[in-house]
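Take a look at the structures below.
Two complexes follow with chain A in common, the first pairing it with chain B and the second with chain C.
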Partner chain A sequence: MLSRKLFKKPKNRLEGEVDSAVMQAEDRRVACPECKAIVPQATLQAQAYVCPRCGALHAMSARERILWLVDEGSFHELDADLTPIDRLGFPSYAGKLSKAQEESGEQEGVLTGTATIQGHPFALFSMNPAFIMGSMGAIVGEKITRLFEYAAEKRLPVVGYAVSGGARIQEGIFSLMQMAKTSGAVLRHSEAGLLYVVVLTHPTTGGVVASFAMEADVILAEPKALIGFAGPRVIEQTMRQKLPQGFQRAEFLMTKGFVDRIVPRNAQKQELAQLLALHQRGAMA
Partner chain B sequence: MTEAYQRVQAARQKGRPTSMYYLTQIFTDFLEMHGDRRFADDPAIVGGIARLAGKPVTVIGIEKGVDTQEKIARNFGSAHPEGYRKALRLMKQSEKFGRPVICLIDTSGAYCGIGAEERGQGLAIAENLMAMMGLRVPVISLVIGEGGSGGALALGVADRVWMLENAVYSVISPEGAASIVWKDAAKAAEASEALKLTASDLYGFGVVERVFSEEDGDFAALCEKLREALAIEFTMLSALPTEELVQLRYDKFRRIGGDER
Partner chain C sequence: MFSKILIANRGEIAVRVIRACKEMGISTVAVFSEADRDALHVSLADESYCIGPSPAKKSYLDMTAIVTVAKGCGAQAVHPGYGLLSENAAFAKLCEDHGIRFIGAPCEVMNRMGDKDAARRTMRDAGVPVIPGCDLVATAEEARREAEHIGYPLLIKARAGGGGRGIRRVFKPDALEAAFQSAAAEAQSAFGDGALYMEKLLTHVKHIEMQLLCDSFGNVLCLGERDCSMQRKNQKILEESPAVCVSPELREQLTKATVLAAKTVGYLGAGTIEYLLTQDGHFYFMEMNTRLQVEHPVTEMVTGVDLVKWQIRIACGQELNIRQEDIRIEDHAIECRINAEDTAHDFRPSCGTISMLHVPGGPWVRFDTALYQGYAIPPFYDSMIAKLIVSAHTRAEAIRKMQAALCEMVVEGVEHNAQMHIDLLCDQAFIDGTYTTDYLANRKA
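Let's turn to the complex of A and B:
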C-alpha cells in the first residue's frame, strides 16, 4: 500500500491527488456479456445499466440499484454497522469475506433502509449479486428480518430487490435458519395488513427463492432473470437431460403462474410508485 | 474419516429405520391421508392422523422407502412441491381441529427436477415456512436421519426441534458443499466436519433442543422414549395460550444467527 501511494504522489503538490473514484467511473469501460459491445461505465450508469446496443440488463450492485431507484437523497440506511460473523470457523471463509467487503465496499450482501419513490415512503432491501454470489448469510437474514420488523412497526410497505445464489454454505445451519427467520418476519408484516413487493432479478435461486423472495404480495421480475429453487446445472445432473430453452427464466415463471408481472428496468420506478399509491392507506376510501 | 462424516454415513445407512417405522411404533390408529388437493399425491411424504398416548395428533413424515422398489416409488425421500403442499394441508387441518403436529424429517433434500421447478418447489417450501411460523397448534419436528437443506426445513419450523444421535442437519449435503467450495465432491468428509452438522453441534448452537440416544441400535426402546417425551412435551405446549405459543416459536428462530456482539 505504501509503495503504491508513493508512485501516485503528484510531482507538483499544487496539483493535488486525482480523485480515483471519479477517474474510474469516467474511464471504466465494460464489455456487455450479451453482445460484447464495449460500453463506457458512465453511459451504462446513465441508462439504468441497460446495454445501449442490445438491451441486455447488466448487474447492479445493491447501492447502485438503490441510488438509481429512489428519490434523490431519500435513502436512509438501517443497520449499516452489522457485519458478517464466521460462526463455524469455516475454512478460508474469513479471507473470502474480507475480499468481498473490499471489492464491494459494503459490509454484507444486502442493504436495507427507508426511501421514497415519487414521494411515496417505503422500506427497502437490495441484495448484492457480487457479494459471495449474493448468498444469504446470517447477517443478511438478520438485516432483512429487522427491516420487516421495522416496517411493521412504522406501518411501511416493503419493496425488495432480490438476487441470490441461495444460502451461504460457509455459515452452515445458521444460514439455513435465516429462511425460517425471514419468513416469520414477512408473515408478521403481512398480518399487519402491509404491502410487500419483490422484484426478482438475475439470478434469484436456492434458499432465497424458498423463503422471502416468493412470499411477497406482488412478485415482479426483470426480463430473462433466472429464477428457481435448484440451479440449472444441478437439475441437469439430477435428470440427466438438457433443460429446455428458457427454462426457469422470468417469462417461463410467469407462464407457469409464479410471477405477477415482468417489468423492464426503465418501467420499474413508475410501476413501483403506482403499486405504492394503490396500496396507500385511505386509497380504498 | 472424520467423526462428522461417520454420522453422515450412519444417517444414510441402509436398514436404518425410516419415517413409517416411527409412525407405526410410536403412534396407534394411524390413518394415512393422501394428496395435496391441487395436483397429486407425493409418496415421498406420508401424513395422516393417529393417536399419541391416546390423544389425536397429526403426523407427517418424509419417507425414503425400505426396499429398492419402494425407494424408487418414494423418490428416495426427495419430495416434489406436492409433498410439501400435502404437509401444509394436513397442518392447516390440524389447526382447525386443535391437534398437535409431529413432523419426521429424513431427506437428502427437496427434489431438483424439471417438474418440481415448473410447479414451484421454491414457493412450496416458502409457503410452509411462513405457515408453520404462524401455526396455532404445537409442532414438534424430529430429525431421524438426514436433514437436507430447505427440503428438511420445510417441515422443521417447530416449537421443538429434536434430533436422533446419528442424525445430521445441514444447509447443503457435504458432497454439494465440497463440490462448490473446493470444486471436489470427494472432499465430503472434510466438508462434513466444516459444516458442523451433527446433532451435538446443533444442540450446542441452540438450533435443536434435545438429542436422543439411539440406544445402541435398539430402535424399539428409542420409540418408547420418544412416545413418552412427545406426550410430556405436547401436554406442556398445549397448556400455553396460543398467542404465547406462536410468539415463543417466533422468538426461538428470531434469535438464531443474530448480532449478539
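Let's turn to the complex of A and C:
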C-alpha cells in the first residue's frame, strides 16, 4: 500500500456552509450493533426496531414503545408535569439532566399513563433507556408509585416496560428510597387483587431489578435482555471467577425461574392482550 | 504538411512538440546531448541522434550539428521549442539556407525584435504605447541631459540586452555616470555591443502578455492575456489567464495594440507581446517574444487552441481557420512551474534520481513533464522539471483545483518548489490578484 504521507492535504476551505439538513430523518442510517448491517432509520422504526437482517433488538425510546404497543390514540399520559430537580447540587448533574431532556424531548426517564390493547384498558409505564441510562431518580420512583396508586384506585391492571441502569447516583439516597416506595405501591396494588405484568428489556439492572421490576405477577422478558443486580463485569472482578455463558441473559434467568416467559417483540402485543383478557376480573379470578 | 520534423530542444517542451507531431501524423526526430541519453524525448521520438557533449553550448546550441542531422535524416522542418536557439536569427537563416523550414518567426522580425532599442522605436512609431524614455545615448553627458526629461528613477538598458545583463537601475542623478559606464562595459563584453538607451523605471507593475497567432494570409489572432507577475529574480514561476486586473475594456485596448504591433512588424507564427501594466491602468510595450512561451498551456486551456499544432500548420503555409470572434475566454487557467530547486537553501538547483513519481489527475488537470520514475535529472540544464496546469469555470475553483493537484503530485528524489506554490496560492495578494512583479522579492517567507 502507498503511504498516505506521500500526499499532502489541500488547504481548501469547505465550499459553502456545513449543511446539517443533508442528513434528514428519512435517510438517516444506523448500524446494527450485532450484525453491523447499515439499516435506514425509517425501516427500523417501521419494524419496531428489530434488525431486518439478524433480528437483533435495538433500543426503543419510552414514547416510541408506547405508541407501537397500544391501540392508536388510546394513550393518556399521567403526571407529565413532574420534573426532576438537582436536590443535592451534584456536580454536572444539572447539565446532564438538561441534555437528556433536550435529546429525548421528555421531562424524565419514565412515561406513565393509561391506554388499551385490543380494547382492554390498563395502566402502564415505559422507561427510557437513553435518559441518563434509564436510571431511577426521585421523580421516576414518584411517577411509578403514583401510577400504581392510580391503578389501584381505578381498578386497572398495570403493564410496565422496564429498562434501567439502576438507581440514579446523582440523587444519592433519594434514589435508593424509591426502591422501598415503589415496592410499597406495587404491594398495595397487588393486595387489591389487581394484575401487574412487567416486560424486562435490555438492560434491566440495579435498583430497578431490586424493586418493582421483579415484583410483577407475570414477568416477561425480551430475548437476550441483560437482567441482573450488579453487572457481569463487576461480579467477575469481585468473585475472580469466569461466569457461565449467557449469564444474566433472559434465557439464563428463565431456566433459574426468575423469568416466566421470553416473548419476541413482534409477539408482545398479542401476549399482553391475552394476559389482560384472561385477568379481566383481576388477579384473583 | 511536413512529413518529418526535427525538435531542436529537450525536456518537457521537446515532449510537448513530439506529442503534437504524433497527433498530426508527422515523424519526429529528437537530438540529444551525451547527458540526455536517457531523457524521455529521446525514446519518445521516432528517431534520435546524439549531437554532442553535455554542456548545451556544445550540443543543443550547436547549429551546424543540428542542421547536419536534419539534412541527413530528411527532416523538412525544425521546431526550436523555447530558449536555446528559438530566437536565434542566425539559426533560422542557416535552416532556411539548407532548405529546412524553421518553425518560428521570420529572420528579419527576429532581428528587429531582438534589438530592444529598434523594437521600442518600431512600436512607438506604430502607435503602441512604450515606456517613456529615449533612443540610444552615446555618452554619459548625453544620458544626463535625457535623464532630465525622463526623470528618476530610471533604467539604463543595453540595445542587445537579454537575461538581465547590461541593465542598471538609477535612482539619483549623481549615480548616473557610474551606472552608464558599467552598463556599457558589461553589454560590450556580454553581447559585443555596448549601445545603451534609457527608460523610466516603473514600480509596482503587472507583467501582462498577449498571445498571438499570425498566418501568411495576413490573419492575426489574439488569444487573450496571461498574468505573469509572480516572478522571482525575473523568472516567472506562476502564470494565469485571464488576468484579474484586466477589465474587458482594457482587454480590448490591449488586443487592439497587440494586433497593430503584429501587423506593423509583419509577424508570422506564434508570438507574445509583453506589457507592463501600471496600477492606474496604463500599459506599455516591453518586448516581443518571437517563439512559443513556457506558459503557453494556460492560453491553450482557456481558448481550446493547440498553439504548437498551429505553429506547425502556419509554418507549412496553412491558413488559420479560427477567427477573432471565435476566441471567447470564459474559463480560468493557472500554471505552476515545478522547479528542481531547494527553496530552503536560497533556491539552489537540486539534482537526483526520481525515486517516486505520481502525476496528479482528474478533469482539467494537465501535467507537462519529461520526468519518469527512475530518471536521473542531469545538472547541466534548466531546473524546470514540470508544469502543472489546471482550468475551471471560475478563478476561485481553479485555485482550489490547483491546491488539490499540487497536494496530489509526488516527485521524490529531488527537492522541488511545490510547497512554495501551495503557500503562494493562499496568499491574500494572490487570492485578490493584486500581486505585482516585485511581490515575491518583498514577501516574507
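Methods note: the second predicted complex is superposed on the first by the 256 of 285 C-alpha atoms of A that agree within 3 Å, B and C clash if a C-alpha of one lies under 4 Å from a C-alpha of the other, contacts with A are read in each partner's own complex, and residues count from 1 in each chain.
To be clear about the criterion, contacts are C-beta pairs under 8 Å (C-beta built on N, C-alpha and C of every residue); 3 or more make two chains touch, one makes a residue touch a chain.
Computed from a predicted model, the values in this text were never measured in an experiment.
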Superposed model, chain A: greater residue contact from chain B or chain C: B
Which of chain B and chain C A:239 touches, first, second, both or neither: first
Touched partner set for A:76, first chain B, second chain C, both or neither: neither
Of all residues in chain A, those that touch chain C in their complex: 6-12, 15
Interface residues, chain B side, partner chain A - complex: 110-114, 116-123, 125-127, 129-130, 132-134, 149-150, 153-154, 156-157, 169-172, 176-177, 180-181, 190, 194-197, 201-202, 205, 207, 250, 253-254, 256-259, 261
Parts of chain A lying in touch with chain B, wherever the complex brings them together: 82, 85, 87-88, 90-92, 137-139, 141-142, 145, 167-181, 183-188, 191, 206-207, 209-215, 228-230, 234-235, 238-239, 243-244, 247-248, 256-258
Chain A partner contacts - residues on chain C that touch it in the complex: 356, 358, 400, 403-404, 406-408, 410, 412, 419, 422, 426
